[in-house]
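Chain lettering (A, B, C and D) follows the sequence in which the chains are written, and residue indices restart at 1 in each chain.
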């Protein structure tokens, strides 16, 4: 209950700071007998790796993962799987100038007040770099869920700053640095980001993720609801300020006669529920949207104070993502996978089996 | 980890169904020595009680709470506090007609698939009635937080169906059945609800809640973030489909130079953060908005199937809230109070003390 | 994590004090669809009920249990099962004389130091009366384990004060107030207890319990070992000061060539392990022994201090068990059942199935 | 809840196998601001290190610990502290001969039945080697407890096989390989062990550990009792079959007038309670005894079966401790420290402060 463990039966305990020697995690509760090697995990880490385009931080990290335990002769043994990722490209000096001050919108203010001490090197523990071990752990969950139920995960960026990105096709997503499911807006997105960098500013983003072929019946009816745990997982991602399931905030203006997804023998007719009713999965696609705030570390001068309360102006140099949302898609997929994995095991514990239904209905991000 | 316990150090374990003999909860972890009696809890229960206006369910429940344990000579002893609320006005026959069918948008579909059995009486465990024990438990948390830090909670409805409710003054909230902070729209809201009932339909709502005088430093930096736990708590409320902290989804279109709340020696200049940075409270007001979907039990006929998969038409009669959002404000306040209480104890465990700052800044719902 | 919940997946959260209006618990995580009624629970409560012989407290409590939730039309629904037991025979005045003082060997000293407040009525929360809800909850676990695996539970007293009770036959256990598996020593036990009461003194006891037809593979290999959880459960029973699994302390003087239980195609040849190897069940009988200290509330005058630190003499009158061990057998069985139930669900979560082996070997208490 | 995490607020999550690349743990919940470096941890690891005398396994492991996170500029930051220990001296071939068979008294039988797969290299996860990370984590707890309350830990072996080791003086403990508090029996112990090795057999041991200067008030009154958590922690140590607190099994034959520790203004007169009453610390020394079974891997031929159920004879060669109890003293101290650390934080959470009393009374192991 100390905060750094995610999950109840499939647990991920992470450690490390942005500029320490290494980051990593311990994955506990993985079922035994699943074929697993670094080759199953590395591709997911590569999807969120920094330095892959001019629109993200230029920090160069291979993010090479090593499995330290829990696998014997290529199979999981049911014991903890430890993942280790070495930090290669630390440049702590970049951050020297903000040790005594607080960046508007940054966690350094709250860390300092909570602990009376903080690691300023790259934001220390609060760095988005700490999502890497989680993405690694989720690769294990994704593999198990796919083998058991055929469950798969998808995601894309649906808005960058003021620019909406209409959904065209999933095929586009891997072929651009923004995880955009649309080719026609790419130039617009590139120009927008280039201008942001010129201005020394940053922007937010909206990310949509979904899970397909989800078993029906996952989730606890009260408190540990599937959608509650999804909201917990998503809001826990760095810089997230909002979470929607299914119709989300559009539900407010809907009538019951419009929102409630009708049923036919072929399945649900719509998916306003986003695949969850009463906290339990329906077997439809689970659809989630999140709002990501703009990066707080920007070159634009801002009013702030230092530790003594003296007014100062802050300009943050060094390497930062001008939009943390650009790399957020694989992270959001990962958190969704961890939640489903955990609830698949929880359901199996109480109800003894897990059923899959074939969802007939498209989710709203399609 | 069986789902029906909320919190880690200040825990609330609830039990009961809408039409069983009683509902209630066990509150564990309350600090000893606090003056407590039913009189501290009943007013909060009365705020969410059904049957108080023609716009909510006409079920008549006094929701009288009894403390069964944990209090000796008017003070908490540090042992579990059990709260018991008898169900008085069950009418199971109202629900006989939907035992074999699934209501579009209702949990009866997922309960039946998860457990292979369900209690159809008033939705059983999935009924919003189960928020009553939580509101009772939260009254204990609210009292402790107020005595310790002066923390207080407020909430209002900011949208009912298509009707936006501009914020005027907190004074209005207790004086209308909608928890609206605005008098001028009341007639419009009344007419809207009357028309809904005529149409046998339902609508959604948007609720804003906030906490004032919040200590700085509450929340774990990763996973068990304060805002992640708030999202978990809010999404766990019946019918909630979306959660925002601070600027929420407006953050997407904001620039970093706009979103990041500047600091002066007097405090923060704005509150886009909604009182949380890096998962930890800043000492500003914590501001949360939630989206509540329309009630699924409506008289309007809808397409569905029965347990055998045969197509049928469903019309739901009986007593239902045409907008569950109308009574959701005290529930959302309660969940926010439980999260803050839990994190206040967690912070005290690791860091040994809890500091309060005087927030200078208005939250966006004001 | 507030202490009053037992278990991880099959959880029991208890509440109440010896002289409050009621005691009870919430059982969460019970699999759905099991036939259950008060008739399944009451007999277990009756086995530990007070006032059934002159050798236990004369407090008259029917300990009638009521199921408040979690059962619909005679079957468990998978939602929390709340059990309520009213206190009928409180006599708080009996305890007035010890409010300001501390009884040697009694929890009133530590409660007062921990909480700065305590409920002196019958020991409040520290009373052995609080084992009643646990015995009720365990009746649910016992029923499920028996239906699933044929697992059954047995126990007996093997020593009362200085008197060893050699095992003769399980048939004797239900036919005497001591749960002794031996008829020839009964008179001796009766005389011993009568003399104790004359002397205003108390004595300890040793209890042996076992589980038969236990599935193989239950238990986590590190920390949450099956035997570690059994030790936790047993040491958590009021007045227990020692726990042994299998050969227990006799293992110290054993050679490896004697202790290690040899295997044949028919099964294990001995059971020094007590049914657990490496923290995981072997499928043999699980055998546990516990040491119960003498009751601390006795008429014999003892030196102590009051809250101000002033020396005083304490003599405790009122109704007390001169040997709490006499009613401890069903309690120890209950705790063992709860541990096995929890681990059966945990095993099912990670490994997906639970296997039963037929144990060929007698446990040491036979 | 996946088993490999110890503690609730001060948590230790371990990973690794005896012959994998590395073992280690993540320590979460450590208060911020404590001076900490490898130099605080290494000495404790050296106390349990293998290969330090001819009476333990000859495996050569430096057990050099590296702190990977959670410490900045020599101080704890309040974030997870990851400890890494590389395995240097693996010789998997030593174990090739037992891959298909089950050693009497060994976990390989249960691992194989639970998971359907096991890592035979040195017992994999079930190896006592996995106590190293725990001892490292406990060094952090010990330092914090000493700085906060002056709490210190001691332990010794009180019996080796059939040889009782009367307590003489704590001074002797560091000066012999057995952790014996007695010089006169050393030759006898050496000869006993030499004979055991000649015979290819193993033996058990009894270990006594204690904590001094313990705050009063630590422990939850029900279930998560201090003594219940101690029993859980001790029984969780490899090969432990019995646990006693204070008078332990001697309580059975005691009268209440003898067992209950009398109080004077100067403190308790005796310590039959072992420092715990009603599950809560009294402020006296906490005294614990454990029974450790003989090592199951011995050269003496024993009857067993292989995975096909075919009868075979097993002789285990390779490097093993002929008495795992010899190195168990620092491990038992470590587990006791982890339990006290966790409850110190838990007490602080609910009750807000931790009081220390000066214990006047000697514990029974003195």
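What to note about this one:
In the analysis below, a residue touches a chain if its C-beta (ideal position, glycine included) is under 8 Å from a C-beta of that chain, and two chains touch if they have at least 3 such contacts.
The model shown is predicted, which means the values in this text are computed figures rather than measured ones.
Among the other chains, the CA centroid farthest from that of chain C is the one of A. If you compare B-C with C-D, the chain pair joined by more contacting C-beta pairs is C-D. Per-chain CA centroids place chain B at a distance of 39 Å from chain C. In terms of their C-alpha centroids, the spacing between chain A and chain C amounts to 46 Å. Rounded to whole angstrom, the centroid-to-centroid distance between chain C and chain D, based on C-alpha atoms, equals 26 Å.
Taken residue by residue, chain D touches two or more other chains at 1-5, 8-9, 14, 29, 32, 78-79, 114-116, 125, 221, 346, 350-351, whereas all remaining positions touch fewer. Those residues of chain D that touch chain B in the shared complex are 1, 9, 29-32, 78-79, 221, 345-346, 348-352.
Only residues 1-5, 8-11, 13-17, 20-24, 26, 28-29, 32-33, 66, 68-70, 72, 75, 77-82, 114-119, 121, 124-125 of chain A touch chain D when the two sit together in their complex. Chain D meets chain C in the complex at residues 1-6, 8-9, 14, 102-111, 113-116, 125-126, 130, 159, 161-162, 196, 201-206, 216-225, 227-236, 238, 241-265, 269, 272-274, 276-283, 291-296, 298, 300, 302-305, 309-311, 346-347, 350-351, 355.
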